[in-house]
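There are two complexes below, and they share subunit A, which is joined by subunit B in the first and by subunit C in the second.
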Partner chain A sequence: MDMTLNAFTLSVLTGLQLGSIYVLIALGLTLIFGTLGVVNFAHGALYLIAIYLAVSINNALGFGLALILVPPILFVIGVLLERGLIQRFYNRPHTDQILVTFGLAIVLQELLKWIFGANNIPFAIPSWGNGIIMLHDYLPFLEGFVVYPKWRMILVVVAIVTVSAVFALLHLTRFGLVIRAGMRDAEMLQFLGVNINRRFMIVFGLGAMIAGIAGVFGGPVTQVSPEVGMQLLVPSFLIVVIGGMGSLGGAVLAGILIGMAQSFTAPYIYLNTIIIYLITVIILLVRPRGLLGAKGVFE
Partner chain B sequence: MTDVKSDKTNPTAAGWSRRDVLKATSVGAVGAATPMFFTQNAWAEKAIGNYPVNGSEVVLGFNVPQTGAYADEGADELRAYKLAVKHLNNGGGMLDTLKPSMLKGNGILGKKVTYVTGDTQTNADASRTSARRMIERDKVIMVTGGSSSGIAIAQQYLCNELGIIFMCGLTHSNDTTGKDKQRYGFRHFFNAHMTGKALSPVLSNEYGKDRRAFHLTADYSWGHTQQESMQEFTEKEGWGTEGNIMTPLKTTDFSQYLSQVLNSDADVLILNHYGANMVNSLTNAVNFGMRDMQKNGKNLEIVVPLYSRLMAKGAGSANIDGVLGTSGWNWALQDEGSKVFVKAFSDEYGFPPSQAAHTCYVQTLLYANACEMAGTFYPPEVIKALEDFEFTGAGNGPTLYRGSDHQCIKDILVMQGKSPSARNSDFDYLQIVDQVDAKTVDYDPAIFGGELGPYEPA
Partner chain C sequence: MITQNNFWQHNKAVFIFALVALTMPLWFPLMGGYSGLDTKIMIFCIFVVGFDILLGFTGYLSFGHAAFFGISAYVTGIMLKSFSDNIIPAIIVAVAAATLVALIIGLLTLKRTGIYFSILTLAFAEMFDSMAMSMLQRWTGGENGLTGMPTPMLFDLKMQGDTVFYFCAICAIILFYLAKRIERSPVGLMMKAIKCNQTRLEYTGINARKYKLLAFVLSAMYAAIAGALMVVYEPFVGHEFLGWHQSGEVVIMSVIGGVGTLVGPMLGAAFMLYFENVMSVDLGEQWLLVLGVIFMAVVIFMPGGFMEAIARLKKRFFTTIDGE
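After this line comes the complex of A and B, so read on.
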């Protein structure tokens, strides 16, 4: 299987698409870690809740309502989770946070399995996103007949839009300014009379909401079964580590890197299964704080 | 007469001759040995595994995936096991159709059947731990279950070592009764080789002889043997093989592998995946437009060598419409054995059984019947009763439990996915295209090597 231009293009697109779903999940993970300092292992379970909600609403009421309803519902779930449980662990060691969120993930996963069964629930792509794009019509350098699923291209666009929106929120708004200040020095901000706790609650909700967006668009790609959350959590967590804990830019960069690596090693099973860990080891050896990590954080 | 009687009833000590003493001793010795004459071959028996079985009950161990990717299949297996226990204790179900049968509906060898359950988690270590607990703590006489070849093989080795008979649940790898076969392991389900043999002629009939196949294969025992068998038999039909990619079992998004297929010259995609794996790979392939695509001037076709109703449901009938594969059994079969089983299962649970449920139910009955035939729970004798046992009335036509590799040789089914409009119920996803008879799928067990080992574990 020589690497022709056609094969290269397909692999790049696949890498982007794999990276997109990782980025969407890692984004929430790193946002929560960067602001709250909490390692949220329940984030995969939030994605799981999102895809089950999305497929249920999609099958009953249509995709449009799933798109409108799921992200806000996830925001509310995130806020409730933060108020009810996570906030009690802010001043506890990271190991406690990992244990409680990991435990929560298992409880949520088994709960969903109990309600919906262990089998996959088919998540049909809405008609407007179904079908394939004839890449050779747009990219003249391709030879012959080269196609790619439309929905996966939409997923890449959704990831780009979501990442841009989060960047804009953090860098162009007053809310973002306060959050970024809080990430630097939460204590000082409180001395200045800013209610940082309320904002942190919103950030946690925001992280969950991004998992909601990922669920609506990623569900038809990853499919809907109880194992999906945990399977995505590990690569997403590694992406946060590789990118630098708490760095949004790092998560995006690392997500695409891992997606590409997985795509290009697909024909070689043994390399394909370890590539993500291989990259993690190499990057952490060369740059312990991750690609774009802040100095001193988890170094 | 009276005199004689009085003589006999009033013997004096002085009246005992040396000859009388010898006679009495030998009669006494024969009398003491009598129960053993009625227990077949009892003179040869010694403690093996959890034999002898004490008390009025005998315990069976049902080790099925209750969590993990195959949990739904495991749940159906457990339903079938509970039904089998009910029938063994009270009669009914296939006890009325299995022939020859010594099952009376009064338990096994007069002992009431009880059971314990375990969770394999579709994880080799977890399945071994669970089986060991059943054997050592619950004193089960037999272990059965599982929905994955890796797990079946792991348990089979353990049980063989501990002298406990293992009746495999759903396992389809050639290795289970091939290179990894064990004296204490038995498989009723068919295997990858039989799938290749039955399916390939149907495929070449349907899609033509000039085809090029690309395989995506689950990276474990079953996937590997399934791929080898499909490649072997499709190449015998004249097909070419464009490529094969091993995919990790936990893959949920197959786009990276499907891109490789798109970029090849293949016009048939063979998905050597099972369970959630197959559901995802097939759905992804459909998203990639592969069901509406043309390659080499022909329609690109997708083949799923091992089919199950649960998988078909998970993938959705729009996606499996027309896709060909094989199954061990289907609830729509109209033979007597299948009919009574489907009725009993549906009456109990409200829906028809899966092929996993069928094989598990039959395995339990076959084990119980072998004990009755052997007249003992002594494992070597039960094994001998199962070996080369020929039977009918269990849903797959005349069947042989082949002694040389402990593989059942029986009819298997070529299945095709139904279109959404052709379905009649929520359980009606597949239609039977062909029932391939046992003779056609039979093979020489020597091709896979392996050794059964001794009847008495070391």
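After this line comes the complex of A and C, so read on.
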């Protein structure tokens, strides 16, 4: 492969940026799956709600308010969905859970299409995030003039901060300890007298909130149109599968892997369109439970 | 005499379906259905009956059956365009191609349980969708779709108007009969046992994977026949034939009608197409929103779909009479 160091660096950055959105969506998916055991086909629709809310608030009141308001609103929406709908399905077959969240995805997508129209809504990046970063100022090994859009770098930083916060929450707090215990054996936790239902509700809200953060920063990059939700859902599902269902570390690893794969195959159009499926098939054949999947979890 | 009675008993549903289907051009326009919509309903009846062999019997929910529908449609279109305008070789080649693809996808996806299976079938269908739009563009016509097919012929019979309808209706009746036969057969019983308790089935020494794969490939073949007929019905193939919308539509039809009953999904297909094309006149762009709400309501409150509703009504009706 004939590639300069400059091109290589840019591909790595693009890979990280693509991976960032995937990781943020997949993190919520895998968190919800790992704790609640629910495959949420409506997760892409939650991202849709987030980008439409973000673009509306951004264009009317400014980006600062969008950033402050959208994630908490998504948290509340997540909690309401869990209490009103998802909790009825804990004792029903997985197929029913998939069906009801799929129905929810259609309803939410069509509702947003009705309100905002089918066309892309321009999402103006705030002035402090506009422009480009002079990479050669920071990375001395680069030759000449190398630039990268500032907003995409911010997206990567946001993803890193969010992932770190989620890991800190799960590994450093008592709440996280209970959640992790619930991921391992929810039944035993209930025998020990832990109110698991309230925590399920919070986890679902948390997953929705991460989609909210993804929407605020990802909206300007992924566009704001009703198809975006489903377009992101399929790769995010595959990332969850590649990483191992319910494994947070796996989702991060797989998200970066897919982002990199898409970025580095960009010059080869044919390979680029199928690379993600190719990786999924290979992983499934070589390591059916995913990269970091725990043994015995939905194997 | 007894065998004759049994034959009637076993095939009551098939006879009723045949009667309803073949008289459809007479009564369907009275309900506001335009000519051609009845043909589409027959085609989707084939699709959903096949889908029920997989979802209804084995319980495996595929979100990627559009792949087989679309691949078959593309192959049919290409065959009609560049080989012969006779539909018989086109359909045979198309179904064979889709079956081969189904065999490969089935072998890969059925390694995993329900949830993985749904996600992976969705992914494979999306893969074919994006392939049709990029590397296969030369053959599929990409964004514009595959057009320019000659008028399809059944040997020297022009496939137009009512001829297409009766051809599709006869296909649907035969395929429904075959699905009923499969349901009653020992193989059908094995498939249903997979849905009940796969682990227990495997403990009795039976190779469940063989039956899962068979159900998957059979349902893909039904989807492929439907896809091929779709091109005979309307000489156009677009990449939306392969998209998740198409797969989702079949899932919605099956669930609304009543999974596992074979008849239910056909009711669901007829309802959805009627809803989409006739009732949507009053709803405008929001028809899909209303349909989504109906779908969710069915999943939440009446998992058995229309068939459960009919059974409930029947029960209520008969118990009142018994009570009196």
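In this text, the second predicted complex is superposed on the first by the 297 of 299 C-alpha atoms of A that agree within 3 Å, B and C clash if a C-alpha of one lies under 4 Å from a C-alpha of the other, contacts with A are read in each partner's own complex, and residues count from 1 in each chain.
The rule is short, and it goes like this: a residue touches a chain if its C-beta (ideal position, glycine included) is under 8 Å from a C-beta of that chain, and two chains touch if they have at least 3 such contacts.
Predicted model only: the values in this text are computed from it and were never measured.
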item	value
When subunit B and subunit C are modelled together on subunit A, clash or fit	clash
Partner chain(s) touched by A:Y90 [first = subunit B, second = subunit C, both, neither]	neither
Subunit B versus subunit C as contact partner of A:W151, first or second or both or neither	first
Which superposed partner A:F167 touches (first subunit B, second subunit C, both, neither)	neither
Subunit B versus subunit C as contact partner of A:L284, first or second or both or neither	second
Subunit B versus subunit C as contact partner of A:F175, first or second or both or neither	neither
Partner chain(s) touched by A:T273 [first = subunit B, second = subunit C, both, neither]	both
Partner chain(s) touched by A:I106 [first = subunit B, second = subunit C, both, neither]	second
Touched partner set for A:V39, first subunit B, second subunit C, both or neither	second
Touching partner for A:L238 - first (subunit B), second (subunit C), both, neither	second
4-12, 58-66, 112-120 or 148-156: stretch of subunit B that collides with subunit C	148-156
Subunit B and subunit C footprints on subunit A, overlapping residues	110, 113, 269, 273
Partner subunit C, residues of subunit A touching it in the complex	39, 85, 88, 92-96, 98-100, 102-104, 106-107, 110-111, 113-114, 230, 234, 237-238, 240-241, 245, 269-270, 273-274, 277, 280-281, 284-285, 288, 298-299
Complex contacts: residues of subunit A adjacent to subunit B	1, 4, 6-7, 10-11, 13-15, 17-18, 21, 110, 113, 117-122, 124-125, 131-132, 146-149, 151-152, 220-223, 225, 227-228, 231-232, 262-263, 266-267, 269, 272-273
Residue numbers on subunit B that touch subunit A, as the complex places them	67-72, 75, 219, 243, 245-248, 250, 252-253, 255-257, 259-260, 262-264, 276, 279-280, 283-284, 287-289, 293, 310, 313-316, 318-319
Footprint of subunit A on subunit C - complex, ascending	59, 61, 63, 108, 111-116, 118-120, 122-124, 126-127, 130-131, 133-135, 244, 248, 251-252, 255, 285-286, 288-289, 291-293, 295-296, 299-300, 303
